[in-house]
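In the part that follows, the structures are each spelled out as structure tokens.
Next come two complexes, and both contain chain A; in the first it sits with chain B, in the second with chain C.
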Partner chain A sequence: MLGQIIYALPFLAEGFAVTLWVSLLVVVLSLVAGVVLGVGLVYGPAPVRWAVRIFSDTIRGIPILVLIFFVYYGLPAVGIHLQSFWAAVLALTLFKTAQVVEYLRGAVGSIPRGQSEAAMAIGLTFRQRLAYVIFPQAFRRFLPPWINGVTDAVKGSALVSLLGITDLMQAINQVIGRTYEAMPLYILGALVYFAVNYALSLASRRLEQRFAFIRE
Partner chain B sequence: MGYTLNFNLIWRHFDKLWGGLLLSLELAVISIAIGIVIGLVLAVWYVSAGRVVRSIIAAYVEFIRNVPLILLVYLVFYGLPTVVDIAYSAPTSFVATLSLYSGAYLVEVFRSGLEAVPRGQLDAGKAIGLTPWQRLIHVRLPTMLRITLPALSNTFLSLFKDTSVASVISVPELTYGAQWINFNTFRIVEVYLVTTAMYLLTGYVLLFALRLVERRFRAAR
Partner chain C sequence: MSDASNAALLDVRDVSKAFGTVEVLRAVSLEVKRGEVVTIIGPSGSGKTTLLRCVNFLESYDSGSIRIDGKEVGYRDAGTRQHRSERDLAAMRAETGMVFQSFNLFPHLTAAGNIMLGLRKVRGKSEAEARQIAEHWLGRVGLAHKADSLPAELSGGQQQRVGIARAVAMEPKILLLDEITSALDPELVGEVLAVVRSLAEDGMTMLMVTHEMAFARDASSRIVFMADGGVSAVGPPAEILAAEASNERLRSFLARFRASHF
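So, the complex of A and B:
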């Protein structure tokens, strides 16, 4: 039993690399998209605000699994052909972007109005106000929940196994298909996911304590 | 190119979606009910327990929260029966999994709620001669529930969405119904549009109901 699992370790490691790669792509892409849309939600004109609100509420209102299937099966139907890997990344990014939008809204919303007004009073442009006044302060509010939310990307990435992508989850299932050692392999997989996500949530908690001095 | 929407086949098989939604709700309600019991018991135990019990409860909570639900679903459905002599249907297996899963999330919610109950209330309870058990039932738990209701609503909603994972072990809930129609009729865009609307609407109805409960409890203060 142990021998079979050790034999499968390199294969599982490859799957784990895919899991990390998917998660990393999703986290980076959603950070960019989420910050842009989040700024749109907070400062944009009414139509932009409405569009972002509808986007965010819709995405957060449905299961990630439905979103993944919608993107994976739906895009080819309307003539857009993506590799399954990129369809999965796109779906997870949409889901994560909606989260980032809400983190950003919460973080920026926690900065007192007076800060914005003071920045306006000394003649800073909109971009300068964001770059020098709002974002540096909002950052400390944004970071802990965002890092904690990275665990959602890692956990969500396990769903891409359903599209036939050989991530850690799928690699485990394939090894079980050959060795029938279901329990040891699932536990091994659980421990790997746990190690990654627990490290992230610890980091998030650390940062939260580090920034605990902020009081309104 | 050019995709024409045609919902006819969706309506013809709508029973798959409707029945699926009802099953999703059923799975969610049963699992959440069991999860609430697990969460309450462990949270009350946690705040009054010693180091060892605390670290065991914390280990349970942290383990569940940091592992993908789909892996837990596989583990309980395909893994457990290979080492323990038990047999269960896919829905039962999923309910067991989601109960344990929701329990872990609810322990956290209830624990932080219990810790937020003002000390003065407990002292007041002591002062009028309530026993520890009475203080728990009449003072700590009602106050804790009021504090945690908004967080509870969010947790319930997200657990309802998590029932979609049951589709991976062929439990015929809403997502499974959507996939069935997807594979059998190829009205892909339509079926996921309808499914999205169904999840959203149900979510809003649940949220609305929970907000009513919140308001009711807030008025009681």
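So, the complex of A and C:
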């Protein structure tokens, strides 16, 4: 069994790189988009709040697989043709963005109103209030669900194999297609995904401790 | 414009405000001169806190004008009622200090850090200079040794003293105090009031809402009695707090107040 795993490793390395690349893109893009939309949801004027609310509720109500197929097979009908890789990244990013919006809303919403008022009273502008008063406090609440979401993104990236992209999952399937030895390779795959996500969880726990300034 | 020493530093004219159909302020007018300490008293729901919050535009008002040093607070001018820009409004707010009932210290920053934030980001002072100012004011409120403590490590009275230091370090033209001892245990009230008293002696202009009648009597230049969203009586403490006040509402407020506090 060990022999088969060692034989498969070079084939899997490239797929693993694709998995990490997809995950990284999705996590970074969704973080930026989700924070911007989340701020719009919490502080924006009514039309912005409505738009973000509808976006978030709609996306979160659709299975991620449907979203991926919709972007790849559905959008060409309206003239948008994306390569399979970017279609997958877009669909996963949309999905994750809707989640980040909710994490941000929850985290920012947990900060007492008096904090904003105190920040206003010393003359901080909206951006300064967010940067120096609200976000540093909200970060601690944002982090645990967000890291959970990151591990979900790593696991969810396996779905891109359904569009024929050779990520770790697809690479494993290709090796199995040649060797007909499913069990050792799926175990190997599981271990790789686990190792990545466990490392993330550990990092998250350490970060949380660092930001655990006393309160409540 | 405002060089005459008897011109009002804070000039509130006919300010009205309604939350839905409830009128919380009805044509309130009020002046605070430079160096004056004006105390607002009155039953809960009379609009005291709302008025205070209008002065630094934490609340908007529907009509009337509020001027500090001749400058309209929340609106570009009283006529158009067009809100000031975010940047403009922030700059105006930096001219008024506010101390809150619930302290509202920033829990992720130390005592010194709380004071330094506005100095650094609003006043543009260097780290070293801001630190020096913060230490000066912490010394003034008797907390020089707590500069590097987080708010959660301080007692309520200490937190409120940091709150005062945070507000005055910005060198505001006027300090607004919103029931700053109401959330404190009785034995901690004295240390906070002592700080306010020393600021008053230094000539800091203050507008405060309080239920500490003895303090209001000793520290105020004038007392404003509010009832039902309007100013019901204004005068020197001895006159307003006299048991035989001529104003019927004031007399019943004071009677009820004495009955419940002693």
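By definition in this document, the second predicted complex is superposed on the first by the 199 of 216 C-alpha atoms of A that agree within 3 Å, B and C clash if a C-alpha of one lies under 4 Å from a C-alpha of the other, contacts with A are read in each partner's own complex, and residues count from 1 in each chain.
Here, a contact is a pair of C-beta atoms (placed from the backbone, for glycine too) under 8 Å apart; a residue touches a chain by one contact, two chains touch by 3 or more.
What you see is a predicted model, and the numbers here were worked out from it, not measured in a lab.
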item	value
Chain B versus chain C as contact partner of A:190, first or second or both or neither	first
Partner chain(s) touched by A:92 [first = chain B, second = chain C, both, neither]	neither
First (chain B), second (chain C), both or neither touched by A:126	second
First (chain B), second (chain C), both or neither touched by A:77	first
Partner chain in contact with A:137 - chain B first, chain C second, else both or neither	second
More chain A residues in contact - chain B or chain C	B
Contacts of A:118 with chain B and chain C, given as first, second, both or neither	second
Footprint overlap on chain A, comparing chain B with chain C	none
Residues of chain A touching chain B in the complex	57-58, 61-66, 69-70, 73-74, 77-79, 151, 154-159, 161-162, 169, 172-173, 176, 180, 182-183, 186-187, 189-190, 193-194, 197-198, 201
Chain A contact footprint on chain C (complex, rising order)	56, 58, 86-87, 90-98, 100, 102, 104-108, 117-118, 121-122, 150-153, 166-167, 170
Chain A to chain C touching residues, read off their complex	112, 114-115, 117-126, 128, 132-133, 136-137, 213-215
Residues of chain B defined as touching chain A within the complex	1-3, 62-63, 65-72, 74-75, 78-80, 82-83, 161-165, 167-168, 175, 178-179, 182, 186, 188-189, 192, 195-196, 199-200, 203-204
